[in-house]
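Pasting the structures in now, so scroll down.
Presented sequentially are two complexes of chain A, the first with chain B as partner and the second with chain C.
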Partner chain A sequence: MKTVLPFFAVVILVLFPLFGVTVAHQTEIFFGVIVPYAAMAIFVVGFLYRVAKWGKSPVPFCIPTTCGQQKSLPWIKQDKLENPSTTMQVVGRMLLEVLVFRSLFRNMKTEMKEGKAVYGSEKLLWLAGLAFHWSFLFIFVRHYRFFVQDLPSVIQMMEGVDSFFQIGAPLFYMTDAVILGAVTFLLIRRVYLPQIRYISLAADFFPLFLILAIAISGILMRYFFKVHIVAVKQLALGLVSLNPIIPEGIGAIFYVHLFLICVLLMYFPFSKLMHMGGVFLSPTRNMANNSRIVRYINPWNYPVHVHTYEEYENDFRDKMKKAGLPVEKE
Partner chain B sequence: MAKLPKPEELLQLNYNPPPSEDWMDRPVELKQGNFCWGAKGKNLAVVEFPNARDWTPVEADWKLPKDWEGTVLEAMADRLSKYRSFKVFMDICVRCGACADKCHFFIGGGDPKNMPVLRAELMRSVYRKYFTNSGKYLGRLAGARELNLNVLKEWWYYFYQCTECRRCSVFCPYGIDTAEITMMAREFTNLLGLNTDWISGPVANCYMKGNHLGLEPHAIMNSIEGMIDDIETITGIRINPSFNRKGAEILFVTPSGDLFADPGTFTAMGYMMLFHELGLDYTWSTYASEGGNFGFFTSNEMAKRLNAKIYAEAKRLGVKYIIGGECGHMWRVLNQYMDTWNGPADFMEVPKSPITGTVFDNAASTKMIHVTEFTADLIKNGKLKLDPSRNDDLVITYHDSCNTARGMGLLDEPRYIIHNVCNKFHEMPDNTIRERTFCCGSGTGLNASENMDIRMRGGYPRANAVKHVRDKHGVNMLANICAIDRATLSASMDYWVPGVRVTGVHELVANALLMTGEKERETNLRGEPLPGKGGNE
Partner chain C sequence: MYNSGKIIAGLVVFFFLATLPFLLNFGKANAKIEPSIDTPEINAMPKKHCVEPKAFMRSEHMQLLNNWRDQVVRNGNRIYVGSDGNEYTISLQNTCMKCHSNKKKFCDKCHNYMAVKPYCWGCHIAPKEKEA
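This part shows the complex of A and B:
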C-alpha cells in the first residue's frame, strides 16, 4: 500500500498533462500558466506560513546537543564546531550541517556478529543524500538559463563543469546521472532494508517517485524527445515577466515535466520536505552551549509552588535541633 | 517478577522487523521485566498531581479520568505552542533511519518500537491525526491514527523505555532529539496519573525531605558520620564537615545516592577528603540535599519545583557559589535549565577557586561549577600531592554519562583527573565514548528492580564495550561521574562483564591523595589492601 499507492499517484500525475495537452491544446494555458502560478503561490505562502508557525512557538530552554568538549578551563581545548559557545561558532556548526550533512556523516551500522554488537562504517546514506541534494541544487540553478535573456557567467561555468566530459549532443550533464542514481538508491534502500521499510510511510515514497519522474521527464526532454527549446524559454520568460504566453508546438513532454514540478512545489509545504526550512530551526543544532555563561530566558517561565525552607524546618525542627543543626526559628 | 534470562539468551535478537507487518497493527504488549510498577496515589498527592490513585499497569482498567483523550490533546496543543523543539520535531523527520540502530534499547532488545524514529512516530501519528490536515483527511495513508487506550498504553510502555540519553540526536541530520518527545509524552501521562512508582516516590521524597531517598536531616548527618569514621580508620584523620552553615563560601550539592549505598559512598568520601585537605570553606545542606532531579523525568514544572531548592538554599546561607558533585542528568539540568527556571543567581559571585585563584567564567551566570572542573584546575596548578600508584591494582576505563556528554560536553576534565591519579587507563572504542557514549540503560528513573530485563538489554551496548577492554587490557574498574551509573552499572557489569567494578572519579582522587598528617595507609577507601600492602601480593 505505502509503495504502490504513491507510485500510481505519480503515474496519474504524469498521464494527466500528457493526456490533457495531447487531446486539447486549450489546456496548455492551464498547464503552462495557471498551474505554475498557483504552484508558486502555494509554495511561497505555504513555506512562509509553516516557518512562521514554527517561529511562533518559542524556544524555552537552551538545549543544544553537544557533540564535543565544552568551553571550560582555558587549557582544555574546546571543540568549537561540535560544541559551540558563540554565535559565530554556531554558524560554523550549522554550515557543516547544512552543506555537508555533518551529523549524518557520523552514521554507522550496528550488527550482531559472533554474539556481540559491532559498529561498522556506513557512509552510503550520507553519500547518497549529499549526492541527491547537491545535484538537485545544481540542476535547479542550471534552469536559471530559461528565465534570463543573457546567461550570467556563473551559470555558464556551472554548465561547463557539469558537462565536463563533453559527451553527446546536447552535452551530457553529470548531475542528471547523479540524481537518478541517488534517488534510485534512496528508493531501493527504503524497500529493501527491513528496518527502513518498517518505518516508511506513503509520504516517504511519494516524493521519491515524484522527483524521479521529474528527473526522468527532464532527461527524456533534453536527450531524447527534443522539445522546442526557444518556445520553452519564451514561456518561461513570459511567466517571470508576468506576461504569460503560450508559444506553439513545445511538446507534451515539457508539460509533463512542468506539471510534476508544480506538484512538487504545491506538495512541499505540506510535507516532510519542509525539513529544508526546519533544519535551520532545530534548537539542538542552532543554539550555543553557553547557558552557564549567559542566562537563557524562557518567555513563558511562570512561578511554581515549591516546598520552602521554612516549611521544611517546620517539619523537622525538633529533629534538626537534636542533631545539632542550626535552625532559623527556635 | 519475571526471571532474568542468561546473557546469551537475552542476546537472541533479530534487528529486522517482520517484512510484511505494519507497525500500527502490532498491539502493545506489556512484557514483564520491561516496565516499572505504577505510581502510588499518595506520592502523586504529595506534589498535587492529578488523578492520584493506586494503579497497576497490567490490569486492563487504568482508572483514567473522564475525557482523558481531551486532556491529552489539549496538553499537546499547549506544548506545541510552547516548545519549538516539539513542533519542529513533529514535522521534519524524513525517516531516513540513521537513528534506527543507535538506541541502546534497540541494540540490546531488537524491539522495532525502540528505534528512535519509531518511538517518535508513536507520538507523531497522533499529532498528524489531530494537528495536520493531511492526517485529518487521509488518516492512516498519511501515517495518522486516533488516540485510544491502546495508543496510550503503547506511549506509556515505550516512553518509559527511553532514557532521554540523546544519542539518536547526535546522528540525526536535523538534530531531532527523542528526549524532547519523551519529555512531552511524560508530561501527558502525568496529567492522567500514569507515572511509575520508582519515579513518583523519589519525587515526593525530594519535594518534602529534600532528597530522593527521603533521608531526613539527622539521617543525612548519620550517613556522613559513618563515612567520617571510615575515613579516620583509613587515614587517621578526623574530618569535620559542616551542615546548613550560614556564611560558608561554598555550598556543595551532590546526588543523594552518594550518601546512601556503595560505591557512591566512596565517591562522597572522596569529595570530603579532598575538601578537607584543601581547607575549603564549604557546607552541606540537608534542605537542598539532592543534586539529581527525578522531577525532570516527570514534567517541566515538577523539575523546576525540585530544582528551586538549590538557589533558594544558596541565598539563605549566603554562599558565594556552588560546587556540584558527580551526577549525569543533574548536570544537564544545571547546565541547560536551572538558571532559566530559577535564576538569576545574582546574589552570588562568579566562582573563583580559593586555592588556585582560577575564575570559572564558564559558569559566570549560574555560579555553579562541576567538581571535576574544580579538581582538574587544582591538579593542573600543582595544588594536590598525589600518589597514583595507590590505584595500581586498578585497570581503569571511563564511561561518559549521557547527559554530561551530550547535554554539556564535560569530556576532558574527568579524563585529565583520571590520568593524574591512576597509572593504568584504557579508553573504550571510539564509537562508544564521548558524544557517542552509551547509556547505562537505567537513566530517567528506570533504575528499578522490577524492570531488569529492559535494564540489562539497555545496558548491553555499554557492557559490550567494557568487555572489549576487559578482554584486551584487563580492565577491572569502570569509572564514571554519575550517581545513577554507580548504582546501575554495577548490576549491568555483574550480569554482562563479571569482574569489572564501578567507581566515581573522586574515589580514585581520594585514594591517590596524600593528605597532610595522614598515617601510612594500608587500605583504599573500600577497605581493601593497597597494592603492595598486606594480603597476597
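This part shows the complex of A and C:
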C-alpha cells in the first residue's frame, strides 16, 4: 500500500495536466501560469517558514557527533574535520557533508557469517545518492537556459561537459542517464531489501516516483516527443518577467513536466525533501565540539528559584538549635 | 530565534538563489522569436516547401540533419525521399543552405535565443548571407 499508493498518486498527477491540455482546452493558463506561480510562492514561503521554525527550536546540549580524535593535549593530533573544535573546522566538515555526503560514506552493512556478526563497508547507497544529487543539481542548473536571455558561460561550460560525448541530436546529456539509473537504484533498494522496505513510508516512495516521473517526462520531451522549444522559453521568460504569456502549440508533455515540477515544489516544504535546508541546521553537524573550552548554556534553562543552605538555616535556625543540630551561624 | 545571524544570512542566500530568475528578468520584455524565410531562393519558389512539413522541421530538424550526416558519411547515400515523395540531395550546404541562405536570421535566430550551439559549423563553412 505504501508503495502502490504513491505510484498511483504520481500517475494521476501525470494524467491530470495531460487530459487538461489535450481534452479540456483553455486550461493552459491554469497549468502554465497559475500553478507555477502558486508552486513558487508555496516553495519559497514554506521553505523560509520551516527553516525559521527550526531556528526557533533551542538546542539544549552541545551534541556534535564526534568521529575522530577531539582537541586535546598539544602532542595528540586532532582530527579537525571529524571532530571540529572551531567554526572554520565546522564549515569544513559541513562542506564535506553537503558536497560529498561524508557521513553516508561511513555506511556499514552487518551480516551473519558462520554465526558471527560481520561488519563491512557499504558504499553503493553513498554512490547512488551522490550520483543522484549531483546529476539533479546539474540538470537544475542547466535549466537556467530557459530563464535568462544571455546564458552565463559557466552554465554553457556545464552543458558542454554534460553533452561531452556528442551522441545524437539533440545532444545526449550524461546526467539524464545518471539520474535515471540512480533514482531507479534508490527505488529498487527500498522495495527489494526487506529491512529497508519495512522502514520505508509512503512519504519515501512518493518523492522517488515523482522525481522519476519528472526525469522521464523531461527525457521523453528532449529526445522523443519533441515540443516547440522556443515557445517553452517564451513561456518561461514570461513567467519570470512577471508578464506571463501562453504561446501556441507547445505540446502536452511540456505541461506534464511543468506540472510535476510544480507539485514537487509545492510538496517540498512539507516533506523530507526539506533536508536541503535541514542539513545546515542539524546540531550533530553544525556544532563545534568545544564544550570543554566554552561553556555551553542550555537556552531553555528556566530561571529556577534556588533555596541555598544559608537561607534554609535562616528559616529554621531556632528549631535546629532546639533539636541540637549544629548550625553554621549562631 | 537562536543563531539568528547565521540562519537569516542563509535564508537570504536561499531567497536570492530561488528568485534569481525573477531578479534577472525584472522588467525585461519578452522578444518574439521567428526565424526568417525571406530569402531570394525561397521567394522564387512557386509553392514554398521544405523537405518535410514545417511542424516536423521545427521539432525534428536536428535529428534529420544528424541522420543525413550518418547517411552520407557512413553509408554514402546522398538521396533523401521526403514524406511528400520528392527526392532531395542530402547536403547541408547545397540543399538546406541553398534556400535558407540567411543563417544569421534563420538558424542563429532560435539557436542564440535558446543558447544552443550546434557543431555543424565546426566542419561546414557557413554560406554567404543573402537576403531578399
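As a convention for this text, the second predicted complex is superposed on the first by the 302 of 330 C-alpha atoms of A that agree within 3 Å, B and C clash if a C-alpha of one lies under 4 Å from a C-alpha of the other, contacts with A are read in each partner's own complex, and residues count from 1 in each chain.
As a convention for this text, a contact is a pair of C-beta atoms (placed from the backbone, for glycine too) under 8 Å apart; a residue touches a chain by one contact, two chains touch by 3 or more.
The shown structure was predicted, so the numbers you read here are calculated from the model rather than taken from an experiment.
The superposed arrangement places chain B and chain C next to each other on chain A without a clash. Of the two partner chains placed by superposition, only chain B is touched by A:H275; chain C is not. Of the two partner chains placed by the overlay, only chain C lies in contact with A:L242; chain B stays clear of it.
Here chain B and chain C are compared by how many residues of chain A each touches, and B touches more.
Legend: residue contacts after superposition of the two complexes on their common chain; A:A169 is shown touching chain C, with no touch to chain B. Within the superposed three-chain model, A:A323 lies in touch with chain B and out of touch with chain C [touch as defined at top].
In the superposed model, A:W75 lies in contact with chain B only, and not with chain C. When the two structures are aligned on their common chain, the gap between the nearest CA atoms of chain B and chain C comes to 10 Å.
Within chain A, the residues touched by chain B in the first complex and by chain C in the second are 55-59, 281.
The touching residues of chain A, when paired with chain B in their complex, are 1-2, 5, 50, 53-63, 65-73, 75-77, 79, 82-83, 97, 101, 103-104, 106-112, 115-117, 119, 125, 129, 193-204, 270-272, 274-275, 278-279, 281-285, 289, 291-298, 300-301, 304-309, 312-313, 315-316, 319-320, 322-326.
Note for the complex: chain B touches chain A at residues 8, 11, 13, 15-17, 19, 21, 23, 48, 80-89, 91-98, 100-102, 107-108, 112, 115, 117-118, 121, 132-134, 141-143, 166, 169-177, 180, 207-210, 216-218, 221, 243-246, 286-287, 301, 304-305, 308-309, 312-313, 316, 334-337, 339-341, 343-344, 358, 361-366, 368, 373, 376-377, 380, 405-413, 416, 429, 431-432, 434-436, 460-461, 464, 467. Remark: chain C residues 1-4, 7, 10-11, 14-15, 18-19, 21-22, 24-30, 32-33, 55, 58-60, 62-63, 65-66, 110, 113-119 touch chain A in the complex. Of all residues in chain A, only 43-44, 47-48, 51-52, 55-59, 144-145, 147-151, 156, 166, 168-170, 226-230, 233-234, 237-238, 240-243, 245, 249, 277, 280-281, 299 touch chain C in the complex they form.
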